[in-house]
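Following this message is one structure expressed as C-alpha cells.
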Amino acid sequence: MSNSYDSGRLDLPFVGIATFGKRPYQPDWSALDADIAILGAPFDFGTQWRSGARFGPRAVREASTLFSFGHAGAYDHEDDAIYLPGSVKIVDMGDADIVHTDTEKSHANIETGVRAALAAKALPVVIGGDHSINIPCLRAFDDQGAIHVVQIDAHLDFVDERHGVRHGHGNPMRRAAEHGYVTGLTQIGIRNVSSTAREGYEDARAMGSDILSVRQARALGPAATITRIPMGARVYVTIDIDAFCPSIAPGTGTPSHGGFLYYDVLEMLQDLAKRHEIVGVDLVEVAPDYDPTGSTAILAAQILLNFLGFIFHERQK
Amino acid sequence: MSNSYDSGRLDLPFVGIATFGKRPYQPDWSALDADIAILGAPFDFGTQWRSGARFGPRAVREASTLFSFGHAGAYDHEDDAIYLPGSVKIVDMGDADIVHTDTEKSHANIETGVRAALAAKALPVVIGGDHSINIPCLRAFDDQGAIHVVQIDAHLDFVDERHGVRHGHGNPMRRAAEHGYVTGLTQIGIRNVSSTAREGYEDARAMGSDILSVRQARALGPAATITRIPMGARVYVTIDIDAFCPSIAPGTGTPSHGGFLYYDVLEMLQDLAKRHEIVGVDLVEVAPDYDPTGSTAILAAQILLNFLGFIFHERQK
Amino acid sequence: MSNSYDSGRLDLPFVGIATFGKRPYQPDWSALDADIAILGAPFDFGTQWRSGARFGPRAVREASTLFSFGHAGAYDHEDDAIYLPGSVKIVDMGDADIVHTDTEKSHANIETGVRAALAAKALPVVIGGDHSINIPCLRAFDDQGAIHVVQIDAHLDFVDERHGVRHGHGNPMRRAAEHGYVTGLTQIGIRNVSSTAREGYEDARAMGSDILSVRQARALGPAATITRIPMGARVYVTIDIDAFCPSIAPGTGTPSHGGFLYYDVLEMLQDLAKRHEIVGVDLVEVAPDYDPTGSTAILAAQILLNFLGFIFHERQK
Amino acid sequence: MSNSYDSGRLDLPFVGIATFGKRPYQPDWSALDADIAILGAPFDFGTQWRSGARFGPRAVREASTLFSFGHAGAYDHEDDAIYLPGSVKIVDMGDADIVHTDTEKSHANIETGVRAALAAKALPVVIGGDHSINIPCLRAFDDQGAIHVVQIDAHLDFVDERHGVRHGHGNPMRRAAEHGYVTGLTQIGIRNVSSTAREGYEDARAMGSDILSVRQARALGPAATITRIPMGARVYVTIDIDAFCPSIAPGTGTPSHGGFLYYDVLEMLQDLAKRHEIVGVDLVEVAPDYDPTGSTAILAAQILLNFLGFIFHERQK
Amino acid sequence: MSNSYDSGRLDLPFVGIATFGKRPYQPDWSALDADIAILGAPFDFGTQWRSGARFGPRAVREASTLFSFGHAGAYDHEDDAIYLPGSVKIVDMGDADIVHTDTEKSHANIETGVRAALAAKALPVVIGGDHSINIPCLRAFDDQGAIHVVQIDAHLDFVDERHGVRHGHGNPMRRAAEHGYVTGLTQIGIRNVSSTAREGYEDARAMGSDILSVRQARALGPAATITRIPMGARVYVTIDIDAFCPSIAPGTGTPSHGGFLYYDVLEMLQDLAKRHEIVGVDLVEVAPDYDPTGSTAILAAQILLNFLGFIFHERQK
Amino acid sequence: MSNSYDSGRLDLPFVGIATFGKRPYQPDWSALDADIAILGAPFDFGTQWRSGARFGPRAVREASTLFSFGHAGAYDHEDDAIYLPGSVKIVDMGDADIVHTDTEKSHANIETGVRAALAAKALPVVIGGDHSINIPCLRAFDDQGAIHVVQIDAHLDFVDERHGVRHGHGNPMRRAAEHGYVTGLTQIGIRNVSSTAREGYEDARAMGSDILSVRQARALGPAATITRIPMGARVYVTIDIDAFCPSIAPGTGTPSHGGFLYYDVLEMLQDLAKRHEIVGVDLVEVAPDYDPTGSTAILAAQILLNFLGFIFHERQK
C-alpha cells in the first residue's frame, strides 16, 4: 500500500481545509458516491443548560485532522489492522441548513440530509448539534426496515412532553420508541439526575428499553453489555458525548460526573461492529466553547474514526 | 447619608448572592414595589453565529456586584453627584421563563414580565438574551402611549422575513417600526456587513429611521447626536452590547470591529437622560462564554448602573 | 408526587437567580426554618499557591442549577430512589461577611453563620473558600457534643504553626484535633508532598488520626474504609475538592495528581450517610478561575446534592 | 440583485464548511479561475516569542464565516456601496504544504502557491503563518514587474542576519528590500523595541524605506500617509496583525501596545485601493491560541474582506 | 555598541529563566549593586473583588522577556534613542516573603525589601501584588526626605478605615497622605464608583490631593497634566494597572471601563521623567488569571521598561 | 532535619523566581556542581499539529514551585520516606539556546547542554520542547557506554524519513535505535493512529524494540512491565506527556485518548528506579497554551520530582 507521502504533499494535520478526516467535500447531495456520508447538524435550540453545540460539527472536523496524516489508512498495532484504508470512501456533505428560531424547519433540513445519504447507500454519520437532532435522523429511517437503537449517554432523554416541548434534547429517545420501526432501545451510561423523572424511566421500560448505568455496564464488561442487544438486530447508534466522564469530555452542554472512560466505550463499539450491522450513527452535544483544550472534540473525532474503522473492517472481511 | 458599613456587614463585592446590584429579589411579580424592575430574558435561539446569551443575565448580575459596595449610592467625582441613592428602589424580578425549542412561548413569557413591571409603575430594565427579546419587550408597550426607540447597536436588525423567520435577532427593529405606537427610531452605531441587506436600509429609512454609523455619531458628538431625537419624545432604549468595540465587549455573539468606546455611549446616555423621559431599557447579547476576562459583563453592568443613575438623578431633581 | 411543570414555570437550569439548588434565599439568619442551611464562606487569604476560592460559593451555586429541574426530587434509577423531595427544606443563607486583610474577623463571621444554622436545628453546609474556613466551622460545634471529623482531602493540613500562622489552609486538621469535642479524625485521600512535613504526620497519628491514601482507600474499598470510623460516632465531614483527581477537579488552589475519581467518593459518602449521623458538612477549595470548563464546580454541586440526598433519605426512612 | 435566500438555503454564518468567506475550495492549483485566490501559509517556525500562527489560516477562515450571510455582496451604508458582489470570483486554494523542521522547503511550497495564483491572473491573498512567509510570497513576484511594498506592522522586521538566521519573522522587509523589483518600502505602525536594532533602521532608510510610527501616521491622517507612496506604484501589501493595538488583536505572537485601531487601518487601506493597483496581499501572525474571544481572527477577516471589497470596487468602476 | 549576538547566545525572548528583563537575580539583599532593583510583592489579601495579584510578579517577569532580545539596549526610532543600555544596571531581587493570613507580617517583609534597595542606592521598583503593597513601600521612605506621590489609577484608594481595615487595597493613598514626608499627591485617572465614598474625596482634597479623571487629564494633555505637580518635587510613582482601559488591561482585580490608553500614560511618564527626579516606583494589581491573552502583563512590562528607560536616559544625560 | 522555616523565609510556593523546584540557577555550564542538572530545551519546530512546547520549560518550572515548600525534602507517608532531602543537589542550567527557523543549530545547542551536565557527573534532566529534542539528548551519550531507552509515550515516533524530515517529533526513536550504544528500546503506552505507519512498527521490532500499549502494560502491571527491560541495563528515560490520558494532560501538541493515569506511570518509574541505574531523563511535549488549568504542567513537575526522588533515594541507600 502506498502513501501519499511518496509523491505530492506531506499534508501535516495542521495544514489544509478542515473537512471530516480531510476527506472530499460534496455539497451536491444528489451526487453522493461514498461508503460513509458525514453530515453536520449544527442545531442547539433544544438545550436546557449550556448551548453552543452548533459549533460541534466544525470542532469535530477540525479535531479529526489530528488523525489525518497522509497514510493510506490508520495502523493499529494492538489489533494489527489498518483501519479506513483508501478503499473506504468517505465524503463530507457539509451541514444541514439551520433556521434560527425555528426548530421544526431545522429538523426537517437535517432529515433531508440523512435521507440523501441513505438514498446514496452511504452510512449516514451525523455530527450534532444537541441531542434533539436524533429526532429527524431517526425519522429518515421510516423506509429502511426495523432497527434497534443503541444510545450511549448520561441522560435517558425520555421526556414525553413538558410545556409543549416534544422535540428538545430531553425527548429524543421517547420519540424513537414511538416509531413502529424501532424495535427496541438499549440505553447505556444513564446516571444521576436529569430532565427525565421517575415516570420517564417507567415509560421507557414499558416501551422496551434496556437501561444500564455506567457502573452496571462496567460490572458486566463491554462484551456482556453488547450481548444484551437482540441477535441479528440492525443497529442505529446515537452517542451523546456526555456519556463520557467530564474528565475527557468537559465540552458539552450538561456534563455529568461518573461517566465512561475511553476504552469503556471503544470496546463496546468494537463489539457492536463485530456483532451487528450498523445502519446509522450520530454523535451529539460537543460544545467547543466549554472545551478550551480541545479534548472533547478530539475524543469525538477519535471515537468516530475508530468506530467507522471497526464497521468497515467487518464489512470488508 | 449613612453607609451600611457603620453597622452590620461590610459586604464586599465578592460576597453574597448575585442579584442585580445585590438588590432584593422579588419573584412575586404581582407584588413589585420599585422604581426600577430588573428582568432577565435568557433566550438565545435567535442568534445567527455564536450563541450563549442565555447566560447574559447571570453574568451581568455577577458583574454588577463589582459596583456594589455597601455605600448608600455611588459618588461620581466628575459630576459631583451621588447616583442611585437608597431612595431609588430597585428590585430584581429574576428571569422570564424560557421554553427550549419554542421561540413564541419564550417571547410571550418575556412580554408577561415587562407588562408586570409596567403595571407596577416601575421602569422595566431587561437583560438579554439575544436581541430578539426586544420584540416581546416592545409588544408590552402597546398600552403605554407613543414611544420613540433609540437603538445602540452595530447592526440594523431590520430584516423583514427570511425563510419564515420574523422573530430572530436580525428582525427586532423592523418589528418595532411596525407598531403604531412606535413613532420613530434612531439607530446609532450601525456599521459594516450584517444580516440586513441594502433593501433593509431603504425600508428602515422609509419607515422613519435615522441611521448613524459610529464615525458619523462621533463626528457629530454625543450632544448633537441626541438632539436628532424629536424633542419631547418618550424614549425606549435598546442597547446591543455589540455596538461597542470588541476591545471592551468581545463577549457577544456577532462582534463587529469599529464600535463605540465607553465614553461615546456613556455621554449619549447621559444626554438622553437629561433631555428625554426614559420609559424602558433593554441590554442584550452579552455572551459570557466569549468573555473570559469578564470585561463585557462588567461593561454591561457599568453602563446600566450609570444610565439608571442618570435617569433617576433627573427624576429626583 | 406532582411536578412544578404541571402548573406555572418550566424553570430550565439556565433560568433564574443562582441560589444553591435554586432554593429560597434567607438573609435573616434569625429566621431560618430548614432542614439544611447552605452558607457561603468566600475567604481565601489562607491559600499557599493559587487563590480565588472566594468565588467558590458563587460557582457552586451556579453549577447547582444544572441539577435543578422543576422535579419534585431527583430520581436515581440505580438506587430506585427519589432524593431531596420537596419535604426536605433547604435554604440558602447567602455568605458570611468577609473582611479583607483580616483573617480573624472573617473567620469569626463564618463561625456566627454556622452557629445560626445549628441554633435553627438545620444541618450546616458550608461552601468555601479555602480550607481554613473549617476552623471557624468546627469552633461553632463547641456546644454540640462529641464529634468525629472525616476529612476527604489530598493534604493532611496538620501544620501546627509556622511563621506565626495557625489559621491558614494548612492548619485546620491540627486545630480540629485540639478540640476536646473532636474525638477523632479520619483523613482520607492524603498523598504526595504538601505543607505538612513528616512531624505533622507523627503528630496527627499521636492525636488520634487514621490516615489513608487514595491507593490505600481504594485497596480497602469504600465500605471497608468507612467501617474504620468508630461505630456510633456523630460525624462532621470536610471535603477538600483537591481530594479528587485534577482530571475532574482542576479548579482548585493546590491540585495534586493521583486523587479520587467520582464513584470513589460518592460511595464513601453514601456508606457514611447510612452508618452515621452527619452533623455538619463543608466543601472547600473550589477556585473557579482555574475551572474554565465548569467541571470542578459541577462536581462540587453534584457531590453535595447527592450527599445531602443520602443523608436525608436515611433520616426520612 | 437576487439573494440566495430566495431559493435554497439560509446558510447562517455558523453553518457549513469553513473556507474563506464560504467561497469554493479549489485544491487543483492548475485550474484556478478567479479574481482572488486565497492561500493559507500555516508556517510558524520563524517566531521569536509565542508560536501558533500555523492555525492562523483556519482561524481566519472560520471567522470569515461571520460575514458570510447569503447576501449577494455586502452592503455598506456609510459608502452606499455593495462590496464583493457575486461578480467578483474568490476561490480558496487551501494551504501551502508545510514541512516541519524545514524552513526552506516550507517557504518554497508557499512560493509555489503564490506563483500559481499569479499564473491564473488572480490576486494572491496569503494568510499566515508568521511574517517570514512574506519572504516566499515576494519571491514569487520576480517576473511581475516593479512593485512597492507597503507594510503595516508594529515591527520593522529589517534584521539582516543573526546566528545564521535570514528567513525568520524578523527578516522579511530586509529580504524584500534586496529584490531589484522592489522599488521601495513604506513601513507604517512601527513602534517600540523589536528584534531590529538601531542599525536595522539605518539600513532600512538607506535602502529606501519610509518609516512611520502609529503616532506619526495618526498625526498625518490616513490620506496623507498614503500619499507618501510614490504615485503610480503597483503595491504589494503585507499586514502584520500586530500592527493593531492588542486591545483588538491580542491573538498574535509578539503583541506591542500602542498599535492602530480599526478605522486607522481601514481608512488607509481604502485610500490605498483608490490610489494604487494592488498586486498582492498577505496578512500574517494571527495566533488563535492567544485569541480566546476570537477578536483577532474576526479583525483579520473583517479587514481582509473590506480591503478586497475596496480593491475590486475600484477595478469594477 | 556591541550586541550579545556577536558572540555567544541568541537568547530569543522565549528562551531562559524569567527574571525581570532577563537581568541577573540577586537574592542576597545585602549585596545589591545596581541602578535599579526590582522587587516582587506577591500579596493579594487586600483585594475586594477578584484576587490573584499574587502571581503578578511572575507574570510581569515572564512578559518582560518579550522585550528582552540580546540587544545592548532598546532602540526607539520615534525618539532616536537607545534606552536601558548595558550601562544601566538592573537586578532582580526576587520576591518579598509573604505570610498567608497575615497582612502585617507580609507588609513588613515588603518594607524590608524596599529599604534594602534604598540602602543600596538603587531605584526601588516594586511589582505587586494588590495596591495595599504601596503602604509598606512608602513606609520605607521615612528617611529619604520629602516626596510627592503620583498615583495613576482608576480608584482614589482613600478610605480611612472600615470594619477595622486600614491596610487593604482601598486605603493606600489615605495612608500615604498621613506621612509627614509625603508633601502632596497627584491622583490621575480616577473615575466611577469605587470603595471610596464622597467623604474620601473631600478628605483627599483637604489633605492636599489633586484629583483628575481620565477625561480631565485627556482634556489637559499629558504635558499640562504633569505640570500640575509642584516643580522640583521628588516623585514616587504608583501605577495601578486598572488605571488603564480594560481593553488593554483586563487582567486585574477591579477593572473599570473608561480608562487610559497606552500613549496617555506613556507620555505622562515620559514628561514626568524629564521634569522630576523619580525616587521609587510600584506597579500593582496585575492578576494573570484574568489575562488569558497576556495583554495586561505585557502592558505592565512595556510601560515599566519604557519608564525606566526614560528615567535613566535623563540621569545619564 | 531542620526546615528553612525555622529561620529566614517562609517562601510559599507562589513566592519567588521560578527555577525548577526553586533550586539555584547556574548559567555557567562549566561550573556545574550538582547531582541533578535541569536543562530546558524550548524547541517546537518539530511538531505536526499544535505547537507551543517552547514554553514547556517555563511552565514546568512554574508548576514545580507548587511542590516547593520550605521543607528539607518531601515526606511521602505511603513510602514513609523523605525524598530529595537537602543532600541531593539540584541546579537549574536554564535553557539551551534556540535558533528560530534552524532545527540543526537548535538541536546542537541542546546537545551541548546535555554534554555539560554529563561532564559534571550530574544526571541530565531535560524539559522540552517537542519530542525531537530527544535526538540531541541521546547524541550526547555517545561516550557514556551502552544504554537502554525506555520511552513512555502515546506514539511510536519511529518514522525514518519523509519529505526529507529526519529530526521532527515523529522520528526520535528511530534515530535512537540507530545508535550503536543504544542496545534496545522499551516503548510503553503506544496506541492508536500516529505519524508512524505499519512499516515503522515492523522496523522498530526488527531493530530491537519492545512495544506495549496502555492496555497491554496495565494487563501486565507496573512491575511486570518493568521486568521486561534487560536486567542490568543502564536506562535513559524519555517521557512524552502525551503518554498520559488527556484528562490529566490535555496541554500537549497531539493528545491521544486512552492514555495512562498517574499511578500507572508513577509506579513504573518507581520500579524502574529500584531496578536500574538511570543515566538521563527527558520530559517533553508540555504545551501550556492548551493547559488552561495548569494540570499538565503540574503533572510534569509532580512526576519529575517524584522520579528524581526515587532515583536518588536508591542511590543514597
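By letter and in written order, the chains are A, B, C, D, E and F; residue numbering begins at 1 in each of them.
The working rule: a residue touches a chain if its C-beta (ideal position, glycine included) is under 8 Å from a C-beta of that chain, and two chains touch if they have at least 3 such contacts.
Source: prediction; values computed, not measured.
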Overlap of the chain B and chain E neighbour lists contains C, D
Looking at Cα centroids only, farthest away from chain D lies chain C
If you average the CA coordinates per chain, which chain's centre is most distant from that of chain E?
A
The distance between the C-alpha centres of chain C and chain D, rounded to whole Å, is 54
Taking each chain's centre as the mean of its CA atoms, how far is chain C from chain F in angstrom?
37
Rounded to the nearest Å, the gap separating the Cα centres of chain C and chain E is 40
By residue number and range, which residues of chain F touch two or more other chains?
10, 12, 14, 48, 50, 54-55, 99-100, 163, 165, 245, 247-248, 290, 292
Linking chains that touch, what shape results: line, ring, star, complete or other?
other
Pairs of chains found to touch, sorted by chain label
A-B, A-C, A-D, A-F, B-C, B-D, B-E, C-E, C-F, D-E, D-F, E-F
What residues on chain C touch chain F, complex-wise?
48-50, 156, 162-163, 165, 190-198, 201, 211, 213, 215-216, 245-248, 250-251, 254-258, 290-292
Which residues of chain A touch chain B in their complex?
44-48, 50-52, 54-55, 99-103, 105, 132, 163-165, 167-169, 289-290
Chain E touches which residues of chain F in the complex?
9-12, 14-19, 25, 40, 42, 54-55, 58, 61-62, 92, 94-100, 292
Touching chain E in the complex, chain B uses residues 3, 5, 10, 12-14, 65-67, 69, 71, 74-78, 82, 245, 247-248, 261-263, 266, 292-295, 298-299, 302-303, 305-306
